[in-house]
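For reference, the structure discussed in these notes is given below.
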């Protein structure tokens, strides 16, 4: 397929490389073009504008937040201006339900097609083609995209006709991860202060009822208080919880643990920890228990 | 070994049967003796008092709560009165850190030995010898008990010298389970109200980052809103969170999510749902989102 | 002075009448013009557009929310289009800090002057000229408005040069009122369930440390569970807490009690109680304590 | 009357002095007897045991907490042993509902009479005879005590027959005060970070809807961040919230703001601030907003 790819950050660069390797014709765009060099060396074409990258069958966006996606889509030289009749925009970024709704309707009005396909997975998974992809869109459109998802992910979940639902699933998933972090943080503060070994405690959890990647990954970070370098920054964690709560507010769904976690992230942001890993939530539990935490060492 | 077993409820009866099958000489005690009949038919001896059940090498207690354990141990015809010099009391119930401390010291003063060995697992796991056992006690004493743990569980974690630490690990583990329930409840309320299929949502969770027994078990119950018959009653969930918070208070560790969950359990108790499964926490999230929930149907 | 007045709701109609009585020349605008009839009968002029109402020395807006204020100011026939060079827009509505910032800058660019002057007080106070007015704006501009504030309120607090600060004070004040409601609700649920007389309890509070209007007014409503007719609707309470939290988020200030109250308002909205008085927060405390509450009777 | 007075701390010494001045015959007991010297100089008799102090018509206890009251009442040389048939024990300390229940029944069984009469007011008010007294007990017994309450307080509220209800009112009142502190703390963190003057903000609050002693007293302390010397220590605040929550738990009443405040107090205790004034809760709000607070300066 003729594929455009916009957004060559730590996630996007690995994903684009996989598409190229799989034999797709790739046109890439990135705000700072030097990030495209490696891909161009492998045969990708460098577009000067998002519009130019959107002239194939499909254009994929993998960008930081709502503001960047908005610009890349709606600017005069943006995707909306470049995408052909019935061509497809696949939005894989973690964006708001609200923006997903606006993209759905803008592309429909323009005679274009739109699929939301946010992903679970860190940069390593993106590079290895091991992402989990949650997809929503019109059935026929989604079918047309499947070959791409097979390259990018280890598993694709097709959940609904309306694209914004995929974004809601993604945001709710990030809430559940943040909740694991917060509650592990509280549990570690408790057992640590009682003099129980952190690593041994984690070993018990992950070998009994909590043997899931989310406990293994974040449990290890928290057990070691290794909040830097960040895999996913606290400020991005805040953004996602904020978006989850905004979606919940629109649907009139109270989520008290989400509200509590939002305040904890806000504390990280306000106290200079915005660029630590989002699992630094756990350092707040240590701090409030009067334990020396790597967070306070940090500052 | 000569083993006494006190407490033949849904957990204890399966555990005692496994010990018998493994060739140990078993003396059992239960407040309502008819529950012992099947075991006696298989060769167990029925004791008339806890003291009488405690005359072997080891006596195991598997009881409902602090009050029952206290009675069984400290009554004139209790374990303390019956247990021989250097014989061992293994407490496998979920009890408070505080009571575990009192037991530790009472047995030491009486020249007896004490091990705390609370378990993770539901009655099915108890019956199948598949429990997870968290053990704390003096090293030599724990070694002496290992053959019994091998019969009762699929894995034994030896964590510390001081028995109460095992109880704290157990309570903190139940907090983490309750937190999974609460946050799944909030997430399900959100995605349900958005019109996303509950079963499909759970499928995504358990096949990506959340592929652990705790999400599978409770996710299925919550997805189906099947809060009765209870596997573990809301009132017992409340009790355990209460004990976790009491231990945290003694150690001066704030646990805001635990506090929030305590209030939710209290709401279940106050609104007539004390005997639903503890995963009925999730029904409160539905109720507060204005969705008809099985909880309101219940009443 | 030549005064325009836009927004003749339950607050604005009393305020406009007071200005007329005090001898000011009044031009009024309201979306539904029949609300202006009484004022016109007393000598006010009816404007056909906000722009037309804004041609005097000063135009006052007293409107429901951000959306209405935005429309009235920025529409082609809005205030911005009608207000003369150096004339003054006094915004007395409860609006967001963000909109106050945009109004400040839009008026400055247009060579006009802007003052924020939100008020504390219910419709009775507005009618009686007994409002409390919190004012922020350039000193000279504020001075020019003082004669109007003297007519409208019993006391004027001049707090800062930057108009949005007055809006923040107003929003934080509404948070404090909501917090009094929520905590009174919890306290009443407690003492009621213990069999203590509600009226007598309130009498103790208001005659000891809590002898302030906010406890007298809301204490009486809660004691009697008289949540309808609403003095200030739950949905407006939600809006104000939402705006307070948005301002706090922009400033990176965690406000855990405000977050908790936001969730409680959201529960009111989701369960059909949006149009009860905002003190119906207290009915949720009764409900969760298993007490029959007027809220459940309501539905 | 022949009055015994036990507990000559900062509250009790002023109260006892007032009783002496009013002409009552006073026998005093205090664990550290030198605190009684001034009273003895004025004509009081020094008792060697609580029992000895309890031999008159009435004995009043004004002590730090449950543990001390228990000792003073139930010890072999305690009040229960000394108090004559139909003589009255007036408990004015802030104690648990549970202990009040035990005292009620112990005195009844012993043929003695019991009244609970906890107070609102700081040491200055105690010295000036300006306390607020909340009384519960059998009507005739309460009547007999009124002359003493008239000396000690500015107003007496008789609320119920059952003594423990007075203790519940007191605990719920302390919860409401702590809630004012916490929410003022959040509001001050917000307006401070926005650059609004703290003193001016407080002036607005106390001159509008919040003109009650609780806002004046604690607003001034928080505005000035003057958390030491303590008027009422954070650890005592924690104790009272703990007792309020325990009473609420027994009645199955969820109190989410109380739970939140409990965690905040626990944070103060765990981080070395147990002996600051309990209004140091507000310093946590500043800290979490990233503002330098007197709390962090303190450490």
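When the chains are written out, they are named A, B, C and D in that same order, and each has its own residue count from 1.
The definition used in the following text is that contacts are C-beta pairs under 8 Å (C-beta built on N, C-alpha and C of every residue); 3 or more make two chains touch, one makes a residue touch a chain.
In this text the structure is predicted, and so the values were computed from the model without any measurement.
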{"item": "Between B-C and C-D, the pair with more C-beta contacts", "value": "C-D"}
{"item": "Chain of greatest Cα-centre distance to subunit C", "value": "B"}
{"item": "Interface numbering overlap (same over half, different under half) for subunit A and subunit B", "value": "same"}
{"item": "Mean-CA-position distance for subunit D and subunit B (Å)", "value": "39"}
{"item": "Approximate Å spacing (C-alpha centroids) for the pair subunit C, subunit D", "value": "37"}
{"item": "Distance between the centres, which are taken as Cα means, of subunit C and subunit B, whole angstrom", "value": "52"}
{"item": "Multi-partner residues of subunit A (at least 2 other chains)", "value": "248, 252-256, 260, 263, 266-267, 270, 288-290"}
{"item": "Residues on subunit D engaged by subunit A in the complex (per definition of touch)", "value": "263, 266-267, 270-272, 287-290"}
{"item": "Residue ranges of subunit B touching subunit A (in the complex, touch as defined)", "value": "120, 132, 134, 155, 157, 159-160, 165, 168-169, 172-173, 175-177, 179, 182-184, 186-187, 189-191, 193-197, 200-201, 203-205, 207-215, 244, 247-248, 251-258, 260, 285, 288-290"}
{"item": "Subunit D partner contacts - residues on subunit B that touch it in the complex", "value": "242, 248-249, 252-256, 259-260, 262-264, 266-267, 269-270"}
